[in-house]
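Shared between the two complexes below is chain A, which has chain B as its partner in the first and chain C in the second.
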Partner chain A sequence: MSKSLEVLLLDDEPIVGRRLKPALDKIGCHVEIFENPIEAVARIDEKEFDIVVTDIRMEKMNGMQVFEHVKKKWPRTKVIIITGYAKMELAREAMEKGIFDFIAKPFRPDDLRQIIARAAQALGTPIDLTLIKD
Partner chain B sequence: MSIIIISSDSKKIEEDIAEKVAAVMDYNRLGPKLLTDVAANYQIDPVKLREALETTPSVFKNMPSKNWRHYLSCIEAEVFDRLLKDNIVCWGLPAHLFVTGISHVMKVRLLASGQRIGKIAEQKGITVDRAEKLIADELRQRKKWSLAAYNLDETDPSQYDLVINLDQIDPTEAAITITNAIEYRKFQPMTYSIKCLSNLALAARVNARLLESMVNIKVQARDNSVVVVTKASNRQKRKKIAAIKELAGDIEGVSYVEVHVKKNILEDAAENPY
Partner chain C sequence: MTPPPELPTLTDDSEDDENLKLKERPSISIRMTIAISYALFFLLCVAITISSFWTISILEDKIKFLEITDNYLVEIQQARRFEKNYLLYGTNLDDALEHLTNAKKILSANSKTIKKIMGEKIFQSNSDYMQKYHDQLLKLGGEKKTGKIDDIVPLLRQYGGEMVSSAEEFVKKERGSVARMLMMAKRVPFYFISGLLVLIMIFVIYLTQNLMVTLKRFMDYTKRIGEGDFSPIVPAKKFKDEFTKLAEAFNTMIRELNHKHSILLESHKLRAIGTLVAGVAHELNNPLNNTLLTAEMLKEDLTVLSDTEKIEMIDDMINETVRSQVIVKGLLDFARESETTIKPLKIEKIVSEAIRLVANQVKMAMVKLKTNFEDNLPGIYGDEQLLKQVFVNLIINALDVLPPGGEVCVDIHKNKNSDFVVVEVEDNGPGIPEHIQSRIFEPFFTTKGQSKGTGLGLSVSKGIIRKLGGYMHLKRSSESGTIFMVSLPAIESPSEMMSKK
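Showing the complex of A and B:
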């Protein structure tokens, strides 16, 4: 792979970022972790990420608002929603608005890796999951 | 990559529209012919399966509740197994009642009472008033059946994503409306909805296996883990837990089984009358 995939990971539970970052590092992603959506949005204003992974329920700003912000600023960026409050209505709303994928917590790190790989493929920068670095 | 489930108060209309939609979308068809496979796979008389879809349990009709639940569970398991393959138009089965909470499944209800009244009156040589009454009775029966089987009223339009009145909309137009609606992004599969569907499919397989020999079974699945809720008397509790773990553990895709037992007060009272 010529260029690493730039990923912003936003979840107000610190453990989520701590667990997922190493899993995404292994597939060659460069991951920036945020727990505060305001800080994440400020970073998104500065830098075009390939992929934004965000929780839905957060104080100050929810995941859909983060998505709307990303969509306006960087239309190419793929947004993946992760949530512990998944419901069909929310999933449909998110899909309708244009998110790339939606996954319910808890999930295995490999589930997210699979989604990231599909997003990378859609971006034209495929990654090979069989080459996971130990 | 989605699933369309079509239901109606008329089997003929259901099938006609489903065939039109499947042809336009080049989707696979999942209709009442599935019952032949269910009968073969679960070694059940196909007549009994059809009867289970029409009637509520009754000792007079030789359809005890235990068998009725088991027959329905086998149909559910087989339907879920097919729905996992995606790009499907399903009709003539009660899938609209048990496939719930899956965002890439679009449920369509076709209303056609008006045109059916005229046809029935003509075919049976009866008055329009009498034909109206026949259709009203049919709908009442379907409502009763759906509430008994799945605690949902299938005649309630709010259960569906799209309701089309064929007394006002031409069938070809209805098929076009359905094929356009399924293109909405909200009906596209996502990791969450695919996972929900495979969890329901696994739960249905376990449910069908357990209901073969047991009653009072509720199953939920998540990934490869299964939670079974049942009822048993204090005396039967350990034996029932062991039996459930053995039967459910044998199902492909199950790696963990948890059993929750609620007290069966009636059995307890029968075993300890004093």
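Showing the complex of A and C:
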């Protein structure tokens, strides 16, 4: 496997990061987890991530604002939005704006891994999901 | 301690009692009042007719009698004329005697009436003069041949003069009486008609006054009912009338309205629940997601995880499940169907629970919610669920108009000048346009559009607060924000009650 996929995961629920970090590590991602969007945005300013996964609903800043920030700074970065529940209009709006995909809570680790794999494919650095089974 | 306000019960037997109270009064209906008045007017008209008839018939008699008195005067004057002719020309004296006899006949035939008019004394002296004149006249006749008439003539003249002047006076008197009577006959109808006019005016004023006052009262009832006060109408007057039927109909309507209102309350609650459910569903997804991710990873990594890690993950799942339970319980408590029960409550507790219920909406709207509760607040009387509904509604209304970053402040304090606890819900939203401010408490008035609002929130809330003896109004609304104020009667503070003991 070549260079690992740089992923930033932002969700104000600590358990999300705690569980998804090992899950994504397994498919060859290097994951940095954040609970505070302000801190996450500061980190994004410092470093270009391949993929940013962010919750939509947070207190200080919402996922869309994080997305706008990423888009301005790193146009190549794929952004995946986690939503509380699926809302068609939100999905459409997200897609139009250039968000890579969105995923509705509750989801399984594999659901996110599938999306990340597609994002990796789109970035030109495909990953092998069969790795998980080992 | 302040007595608890009247319970807003859904089915109310006491209203039948109220209708009984309305019925159990002696009745003086408007119809009867009018009938009695008409009867009075009729009697008055009959009286006018009878009195006119009576005056006219008296006048008739009087005029007839006037002829008699005229005849009487003529006879006397004739007697005197013949007496003079006798003395001057020596004509026959019998003619004078004959006329005098006629006059005497008239006098004696009508003595009763004449006595009444002239009086006994004058009548007597009149008859005396006539008798004396008659005597002198006879004497004159006797002395015709002797020619000794010098003694007789002065007496004859004296008595004759007295007799004539007395008769003239009598006739004059009688004419005067007839004239007076005529005058009266002319005036009496005018008096009666003026009296009748005054009576009619008094009656009309009484009736309209009575009607206006009662109508005003019923207008006040409709206003009161419109504001959500569904207490039945109680008798306001001593007697029942046509309005009693209206009051009974009102009470029936009030009972129906009360029933409908309770259904409305329920649907309004359902609406609030619907709003809350969206937030709760959203909120539930977080612990569910945490549980699902943890369970999946635990399964995936079962063989590689250490016992400590496994325990930690299981604990996470337990905690997240409990968290879900708490979220669901809050909504269930709110949605639970229950009878309205008025009991002493802590207002700050109710408001806090309402805030907890809308916490998700607050988060979703990305709005800041601040609270400012005064210490040692007195208790209030109320129904926990209904009050929670009021405050949930007020906060959700504020959230609906606030842009992200907006602020809602809930303030509770005791009113210094009265025994009321005041809850103020303030937002820094765009404010309510002035031209609709007076309408916001009207049922079915909404600015949110059919899909979002029923237009019942504020009107139902106001109804709930009114029932608890409180007030709800828009304190201020401008471009810088809106404040809704809810005041509820305070129960005396526990320390005061202690000191009384």
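The criterion applied here is as follows: the second predicted complex is superposed on the first by the 131 of 134 C-alpha atoms of A that agree within 3 Å, B and C clash if a C-alpha of one lies under 4 Å from a C-alpha of the other, contacts with A are read in each partner's own complex, and residues count from 1 in each chain.
By definition in this document, a contact is a pair of C-beta atoms (placed from the backbone, for glycine too) under 8 Å apart; a residue touches a chain by one contact, two chains touch by 3 or more.
Keep in mind that this is a model prediction, so the values were computed, not measured.
Room for both chain B and chain C is found when the two structures are superposed via chain A, with no clash between them. Once chain A of one complex is fitted onto chain A of the other, the partner contacts of A:38 are absent, as it touches neither chain B nor chain C. When the two structures are aligned on the shared chain, A:122 is found in touch with neither chain B nor chain C. When the two complexes are overlaid on their common chain A, residue A:92 makes contact with chain B while staying clear of chain C. Touch criterion met: A:16 reaches chain C, while chain B stays clear of it. In the superposition on chain A, A:84 makes contact with chain C only, not with chain B. After superposition on the shared chain, chain A has more residues touched by C, the comparison being chain B against chain C. Shared-chain residue A:57: touches chain C; no touch with chain B. Within the superposed three-chain model, A:105 lies in touch with chain C and out of touch with chain B [touch as defined at top].
The minimum CA-CA separation between chain B and chain C in the overlaid arrangement is 12 Å, rounded to the whole angstrom.
Residue overlap on chain A between the chain B contacts of one complex and the chain C contacts of the other covers 104.
Taken together, the chain B residues at the contact with chain A in this complex read 101-103, 184-188, 190-193, 195-196. Considering their complex, residues 13, 15-16, 19-20, 22-23, 57, 59, 62, 84-85, 104-110, 132 of chain A touch chain C.
Residues of chain A that touch chain B in their complex: 86-88, 91-93, 95-96, 98, 101-104, 111, 114-115. For chain C in complex with chain A, the residues that touch the partner chain are 281-283, 285-286, 288-294, 296-297, 300-301, 316, 320, 363-364, 366, 404.
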